[in-house]
Every structure is written in structure tokens, then in C-alpha cells.
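This is the structure, below, for whatever I ask next.
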Amino acid sequence: MALPARFHGVVPPVVTPLTTDYRVDYGSFTAVIEHLLAGGVHGLFILGSTSEVVFHDEATRRAILEHAVKVVNGRAPILAGTIDPTTDRVIGHARAAKAIGVDAMVVTAPFYTRTSQPEVVDHFRYVREAVDAPIIAYDIPVCVHTKLERATIVTLAREGAIAGVKDSSGDEGGFRYLLSDLADRPEVFLMTGAELTVDGILLAGAHGVVPGLGNVDPHAYVRLYAAARRGDWAQARKEQDRLSRLFEIVRVSLPRTSAGSAGVGGFKTAMRRLGIIQTNIMARPQRSLNDEESARVEAILRDVGLV
Amino acid sequence: MALPARFHGVVPPVVTPLTTDYRVDYGSFTAVIEHLLAGGVHGLFILGSTSEVVFHDEATRRAILEHAVKVVNGRAPILAGTIDPTTDRVIGHARAAKAIGVDAMVVTAPFYTRTSQPEVVDHFRYVREAVDAPIIAYDIPVCVHTKLERATIVTLAREGAIAGVKDSSGDEGGFRYLLSDLADRPEVFLMTGAELTVDGILLAGAHGVVPGLGNVDPHAYVRLYAAARRGDWAQARKEQDRLSRLFEIVRVSLPRTSAGSAGVGGFKTAMRRLGIIQTNIMARPQRSLNDEESARVEAILRDVGLV
Amino acid sequence: MALPARFHGVVPPVVTPLTTDYRVDYGSFTAVIEHLLAGGVHGLFILGSTSEVVFHDEATRRAILEHAVKVVNGRAPILAGTIDPTTDRVIGHARAAKAIGVDAMVVTAPFYTRTSQPEVVDHFRYVREAVDAPIIAYDIPVCVHTKLERATIVTLAREGAIAGVKDSSGDEGGFRYLLSDLADRPEVFLMTGAELTVDGILLAGAHGVVPGLGNVDPHAYVRLYAAARRGDWAQARKEQDRLSRLFEIVRVSLPRTSAGSAGVGGFKTAMRRLGIIQTNIMARPQRSLNDEESARVEAILRDVGLV
Amino acid sequence: MALPARFHGVVPPVVTPLTTDYRVDYGSFTAVIEHLLAGGVHGLFILGSTSEVVFHDEATRRAILEHAVKVVNGRAPILAGTIDPTTDRVIGHARAAKAIGVDAMVVTAPFYTRTSQPEVVDHFRYVREAVDAPIIAYDIPVCVHTKLERATIVTLAREGAIAGVKDSSGDEGGFRYLLSDLADRPEVFLMTGAELTVDGILLAGAHGVVPGLGNVDPHAYVRLYAAARRGDWAQARKEQDRLSRLFEIVRVSLPRTSAGSAGVGGFKTAMRRLGIIQTNIMARPQRSLNDEESARVEAILRDVGLV
């Protein structure tokens, strides 16, 4: 099953704001969604890594998706992450997501368990057989510790088990081979999770981009994407260079916090400063940015003109 | 909170038998537990990696634990794995396990998310604060991709946040330092997850052993442990050498299957041949051993005298 | 010490042809150099990884450099790899290279030994102190197993210890930060070792490119570079897409050979077919491509119009 | 070709003392050798990782070996490391070592270059064909980044290409399989490079031990080995536990220095304090222990009764 034809462009993985006692702050969550739609994004990826998906249990995930579907109300397509270690748990999440009414599910390789590439292929097939909805393969070896090999993706795409890819592998040469290997299958939606090299990846022909940093400045990624579409590569690069400066917010708490806390924590801290969300709280055991780090985030926002 | 004084010795991670349609086969599960208790084991670790814990959702985990508690009925202490990617989900599992009545919870570092060592320390503290039960730290970097550092474990043990360790890191020198660092804290229960070097690790002073292979031949690990306790190291080595030959069952399906499938799949295939369980089915997307591989498992069982 | 002002553009790492008894085939080596110069390349990198540098002992390396300097005779700048595990051995190679008359030395982090980032900084400083010549830092973690961190490179570049970077790390976002961090130091020469994403990296502002595949088709990389310089990004991408198809030659012998043998072996096999060199022999213990694999290389050459 | 029958027991990798200007201090080197022989060791491993072998060029390595052979003068067998990235360079070192008169060569898998396991097998065969001397396979993936697989070692041992193994892989279960796989080949000499688990590995049947820490306290490893030989495992463990406390010297400079500097640097600092060598200088770019760290080494020496 292919994705709806309207899929393309900038599809940010949506931050999940939390209250000071670690519950989802649904008021702020609504504000994030409205902020992104106002920024012109072409779709929303709910329950991705940037959404702290693996910190949420089954019930909370359903509540988050229901809220998102209600708020978006058809204004943009919704991809839903169904990320958990193994096949049948993913199927459980995917069935719930389908019942709630999202447009596609985003699925990683299994993790914690040690899995071979043929077993990874079977994993995606099992999910697809169980849930009649488009499946996006999410390649994120930094979290999953398994790379989706080129042959795995091409096999799954050609047999229709997957409708697209979100590539957060950092292997841009490999992503480029996916674009050429599947050039005769334009219905397969190939997105990059890169934040720093989007201009070059769009030059190579990527169909979409899923930037965590898009939570902070969706307009800029939309401008970058538009410049690329009209072939204005000098402008695309200019937008990218500014966004790369903004991306420094993901490093201000290192090494006091982990890289995970630093990244999404940097986004949340910027979004709090911009008045979009109420706290910069990270799900446990992650650490939130402190006041000094928040001031450094503010300085970066000021440098790129967001404050 | 320390473990009950009775904790020591051989504590196998208990295999979870499945039916051909991937549900838990509770009849076979009862038989596995009776087989282990008849083998003289000193405790049971339910919902460990060997139990395919991450393949089971919240409800199934509760059902497995309830069944185990009912069958064991106080005849041996029960450790319950509460393994999932992040803190509050682990707390959810741990609360359920405590309500069901297990003796201790086994907790890994967070996974999927990228976490620093100070965040790992906080993770164990949060779990311990939330659940009034002994916590065993489970060090298994091959699955979690984070090593529990020596300082992390010693800090947590000295402040009482953890009551013991299951070391499946393969770092036997590091485990030895835990034994000496915590020599003044005999209430901290230090177990190895090794299967092939148990004689040497008991010589070094380990308090317990958690061998997956113990599902197949619990008597032999109990004999090995008894020999070590009475200082008969020549006999301990002899038992170990035989068990190492038996352990070859974990490799017969390589490379057709992943290492994960091959290991627990080898155990299940041997247990089926020994009449303990009904199938050798592995949770999806793992692959089960085929007939030819099962014949090779049988040959190994014959070689060590189990058939 | 900065590089000569003329440095820029396409600087291939030059293949070292061998005879059937594993000696350097100097006749073919001359032909390779003439082929590259005829292709319009802007410089030559002798004794890089693609040159099988670590397969050659001290005396052979000197002979190779002497030959290259004599053949090139000032027609293009020469970078010389001085790659060996530790500082003083690198200094030994670098002194020899300087005496022979190359334009710059290319130096990796230490390998085999386990080294910290501050020790890596010292390593480059010691080499620079010992040899009065421009030093290019070569970031190739797939071989060295240490990444040159952003701060390491920026520190060394700002204090003048290095005159440039060859980035073969695959971290294109990180390389982009080098370009912006050192934007005020145009004399620092920042090259990518990528072969598949050169268009995007030139769009980002890279000063040069060091493609192993340039041994096979130097003209195409020169055309790609020229298109980028004049801002014709559609043409740059077109050249890149064709080169990516050609790059498939590095995979035809997998998994019969290692990735190392497959890559340079693919280049050598193509160059033999194109009549540039006499054999496709790889230094021991690497494996050379066999007849069936050579036929597949030829088919790829035909596909892109080189045969 | 097998090793001389006399091979067994404790074979320390001999530290190479340096002067303050980074040259070999041959006077101190003589003292180290005499210290080890006086300690009762059964052999010497010159030019191992602990000897900082990869920091020395071809000429220096020859001088070191010539000095060692002259000083030892037949009082103990000498193993010579011939460690460099690739086959023909290793052969060059091995021929020089044979001419100098050592008893065996110690060879790692190739490094820097990416190599497959069949190519690793060929590597050892090529070295053995070129040099008529016993070859010890050295498995040290922390430096080489390739593991010698069980099948690789067994194949090479059975065909006579290698006469033994030094296992520094940390995979003690895997080493145990080598002992059983080659139990019918007692002429194959199987040594562990472990320092912290020697009692358990000797219980498992290892033929020898190559402890870097043996440079500091050779007597203790000789006592441990003797206790193991007579079956006094309680005493063996006691010696091991004391040596593990002594081994803390390898951590005192972390994280100011790399792990490499910290380890051999700890040995050198202890040996200087014990009056065996003149400096604790490490080859560049490693860092030597400073005064404060040296005082902590002294405190550890005092704790175990060496000062």
C-alpha cells in the first residue's frame, strides 16, 4: 500500500512536551502542532525518536495519537511511530494507530534482541501483513544498532511491504543508492532524517525531509525545501547554513547530559523560549537543560534571528 | 533493600515456551519450571533475555509472572525481569511484578535512547524509589549497548539502590573487581550470566550463576556449583567442560538465523527433544531451528549423555 | 605552513599497480599518473589508503615517492601519505617525503595503539614541529578507529599545525561544521574523500575532493568539479549520478573478498580493462578480483560508457 | 613447526624503557630482562604491545631484539613480536627476527586495512611459508579491530601454520573452546594475555600466561602458575586477588591519558619506583604519568607489599 499522493516535503518528528511531573502536556502539544502547521510543513511524524516515543507506554501512546489526530483534523498527513523492540509489539502499536486514523506507520528494525538481516526483512513483512496501512521503514542504527541494508530496503519496497523510508543512518551515499535503485518506483517515499545536509540530499533527489530541528524553525526548512524545488541551490544552501548554526543548540548541555538529552532537550529549551511550550522537561532518566544552558540556547536563537 | 538471605547458587533464566501460533504455552511453561526445580536450582529468573522478555507486551508479561508465581508456590525465590527501554516503563513493569509477588526485579540500563552513565545511575535510583523491592542490575551490553561501569554499580550498591548484579557483559576481569569492591557488602548478590567459564568465576568468589543453558541441564550446573562450594575444583572443571560441549547447541543454526534465534532456539530445540516442551517455536521475527538443525542438536545431547 | 595557493579541486589518491609477484610495477605507475594528469586533475595524493600505503615498507615508500616526483615533474602538486601507527614513525616517513620533494604530507591519527583526543592533538603537533612542510589531517575512522573530533581539527588548523583536512569519515554534517568554523581561514584546505555525494559536498563549499574512483574516470570528477564551480548544480548531480553507477565496481567481489580488496581491487580491475595498468593484483593478504568478477566490472564500465 | 618443548608458563611481554629523549634505554632494558629472569619467568615476549612495538621503526626493532638475545643468552626462550599492518611487512620483521635468533614470532591479523577472515587465514599462511620458524597467532581485537575466529585458529593450528596463540581478546569462553578443540594437539601452545582472571583460565587448562603486569611483579605470576600446576586453587586465587589489586596501577592516569598510556605507563611508573628502570617515559604521542599519579602508583605498590 502506497502513501497518499499528497506526501512530500517537510515532515518534522513532533516534540512531545511534558509537565514538571513527567506527564504529557496536551495544551503545549496542541501548540506545537499549530506552530508546525503554521510553519507550512507538509506532514507530521508523531511518536518518533524526537517525540521520546520509547519513553511512553501503550496507553500513553494511544492518547498522544488520538490528541494529534483530533488537533490536526485532516490538515496534514500524519505518520505514527510504532517503535518497540519486537514484531508483535509493533503490530500491537500499529493496529492501535490504524484504529485512531493515522495515514502511515513508521517501523524500525527490532532492537535489544540480536537480529539478522533476513529476520529484519521478515519483521517488516509480518507487520505489513497484520496491518493494512502504509509502512515507512525507519533506519536509525544509532538507536537500533542494526542498519537496514540496501538490499533489505529495495526488496521490501519492490514487493510492497514498505511504502517509504526515513533514513537517519547518516549514510548519505547509501541513501543515494536507494534513490537510484527505486527511481522506477516514484510511489516509494524516500525521506532523510538529516538536519545538516538537507540541501545536498535534496539536490540528490530526496522526496522529503524529517528534521527534528524543524520543531524550532519549521519555516526555514519549508523555505529550504521550496528553494530546492525551484532549483535555487544557492538559496537552499544559505538556508541550510543558517539552520546548521541553529542546530548548535543540540550540543550546549554536552557532556553534562547524554547526547539524547542534549538533542531533544535543546529543541524543547528553544521552543520554551519561543513561547510554544511550557517546560523543557525531558522524560526520565534524561536530564533537562539547566538555566545556564538555556541562556546559551537563547544566544543561539538570537544569533539566527529567532529571538 | 537486600535480597532474602536464601538467595545463592544456580538461578536459570527460564525459557518461555510458545505454541505454533506464537502464544505462551502455559502447560509447557509449567513443565519447564518443574524440570528446573527438580534439577535442584536455587532460584528462577522469569522474563529475562532467554525468556524472550522483549517480545512480550505488558499484559502477557503479567500473565507469565502470575503463572510462574502460582506454579512455584514459594519453593524457590523468583527474580522478574522488567526490561523495557526507559525508566517509567520499567517502573510500570516493576509495580506489576511486585503486586504479583515476586522476590526481586531485574533491571537493565535504558536502551534505544542514548544515555550517559550518570543518567543510568539516576535510572536505577528512580526505579528503586518507585518500587519497594530488591533491584538486580542486569549488565548486558550486547543487547543494551551500554556497559554498566564499575563505579556505577559500586555507587548504586553502596547506597542501597541495587541489591545485586547479573553480569552478562563478558568482562570477567571487571566482574572480579565488583567482587572485591563489594567484599564488605556480602548482602549484595553478584551473579554471572556466563555459561562457559562458571568454574573460574566461582573460584573468583561469585555468589550465583544465571546460565541460559541451565534450562537444558539444570542438574549439571547444580553439581558444578556444589563442587565449587566444597572446593573440588577439578570436578567443577569437569562439569564445566561437559557443559561447554553441550553449549554447542547454540551455534547449529548459524548463520541461517541470527545469534539470538540460534541461542534460545538451541535451548528450546533441546528441551523439546528432552520432552520438556512441545515446540521449539521462537517469537517473531526470529527463526526456529529446522529439522536438520534439530538433528544436530540431538547429536550433541547424545554426546553429553542427555539422550 | 599553508599549502601552495594553487591547491584546489580534484586530487585523486593514486593507485599503486603491482606485478604478479607483488612488486611495484613502475611502468604502469607512470601510466596511471599520466592518465590522471591527462584527465585534468588538480593534484595527486600518493601513498594514500587507495595506494595500499600500509602494505609498503619504508624503502618501497621512498621509491614510490621518488618515482612519482620524477614523473610528475612539477605538473601538479603532490600530497604524500605518511601513514603508520605512531608519531615518530610518521615523522620518519615525513622527513623522507620532504627530502624527496613533495608538496604536503597527509597524516592520520595513531592506530593500533589506543589514543585519546588530546594525544591525537599532540601527535599532529609533534609531526609539524619535526617537519617544515604543510600537514593534511586525514580523518579515516574506518581504518584508524579514531575519529578526528571537530575541536581537534579546528584547534590544529587555527594554530597552524595543519594546513588542511581530508575527510573520509562519512560524517558530512561534521565536515560542514569544519567549513563554517574555518570560514575565516581560507588557506586551510578542506577536502572530502567521498565518492558518492560530491555534488552536495561541493554545494556546501568544500575546497577539494579526493575520490579513489577518480583513478578510473578522472575526467568525470573534473567535469563535476567544474560544473559545481560555475554553479551548474543540475549538471553536477548528473555527473555524480553517473559516477555512482560506476562506483558499483567496488562491490562485485563481495563477500568473497574483504571490503578493502573489493574497493581498490575494483579500481585496479577497471584500470586494467581500460589499458592503463597491466594487472589487477592486490598486495597480500588481499584477494584480487577473478575472471567472473572482472567481467562484471567490464559490464559496469560499458554501462557508463567507458568501454 | 612447533615450539621448543620447554615452552610453558609465565611469559611476560617485556616493557621497553625509554630515555627522556625517546630513545631506547638499553641499560634499563637489560635490568628489566634480569629482573624478569630473576623472577623465575619461563620465557620472554619481546616487542609485544606492552613493549610499545608499533612505536618502533624497522631498525630500532632489530636493535631491541639483538640486545635481548644477547642479554638472555639462552637462559629462556624468546618470542618476538613482528607486528605491523600487513603481510609482507610482517614477513620482513620476521626474517630479521629469525636471523637474530629468537625462538618464535608473534603475529597479529592485518590492521588499518579492512580484511576478511579468509584473508586473515592466508596472512598467517604466507608468513609461515616465508619464515621457517614457529608462529604464534596474537588475538588482540582492541588494537587490531579484527577477532581471530575460532575456526581460523583451529584451521591454522591443525595445518601447522601456527604453533600457538596469545589470546588477548577477553573472550574467555572462546579461549576455552580453543583448549578443547585442540586438546589432541598438545604441541600447540595456548596462552592467555589476561591479567585479572589467570587462576580461572589456568583451571580451564591454559598452557601459559602473558601478563603485562608480570613486568612489575614476575614472582607473583610465577607463584600463581606454580600453585595452579600443583592444584592448589585456593592459593592461586589468593595470588590473583593480590595481583588484581596491584593492577589498579593501570588506571591512575585515566582519563587524563588514553587507556594505552595509562596501562604501560602504570607499569613503567611502578618499575621506576622499584628501581628497575630510570624513567617512566612513554613513546610519543602517549603521555607519561605525572608526579601525583606516580604517588598513587606508589601507594598501590605499598598496599600489596612491593614497597
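Here are a few things to note about the model shown:
For reference, chains read A, B, C and D in written order, and residue numbers begin at 1 within each chain.
Rule of thumb we're sticking to: a residue touches a chain if its C-beta (ideal position, glycine included) is under 8 Å from a C-beta of that chain, and two chains touch if they have at least 3 such contacts.
Everything quoted here is computed from the prediction, not taken from an experiment.
Mostly identical positions are employed by chain A and chain B in their mutual contact, as over half of the interface residue numbers are shared between these two copies. Most remote from chain C, judged by the distance between CA-atom centroids, is B.
Mean C-alpha position of chain A lies 35 Å from that of chain C. The distance from the centre of chain B to the centre of chain C, with each centre set as the mean of the Cα atoms, comes to 49 Å. For chain C, the set of residues touching two or more other chains is empty.
The chain pairs satisfying the stated touch condition come to A-B, A-C, B-D, C-D.
Across the complex, chain B meets chain A through its residues 22, 49, 52, 54-58, 83-89, 92, 110-116, 118-120, 122-123, 126, 142-145, 255, 257-261, 283-287. Residues 170-173, 176-177, 180, 194-197, 199-201, 203-205, 231, 233-234, 236-237, 240-241, 244-245 of chain C are the ones that touch chain A when the two sit in their complex.
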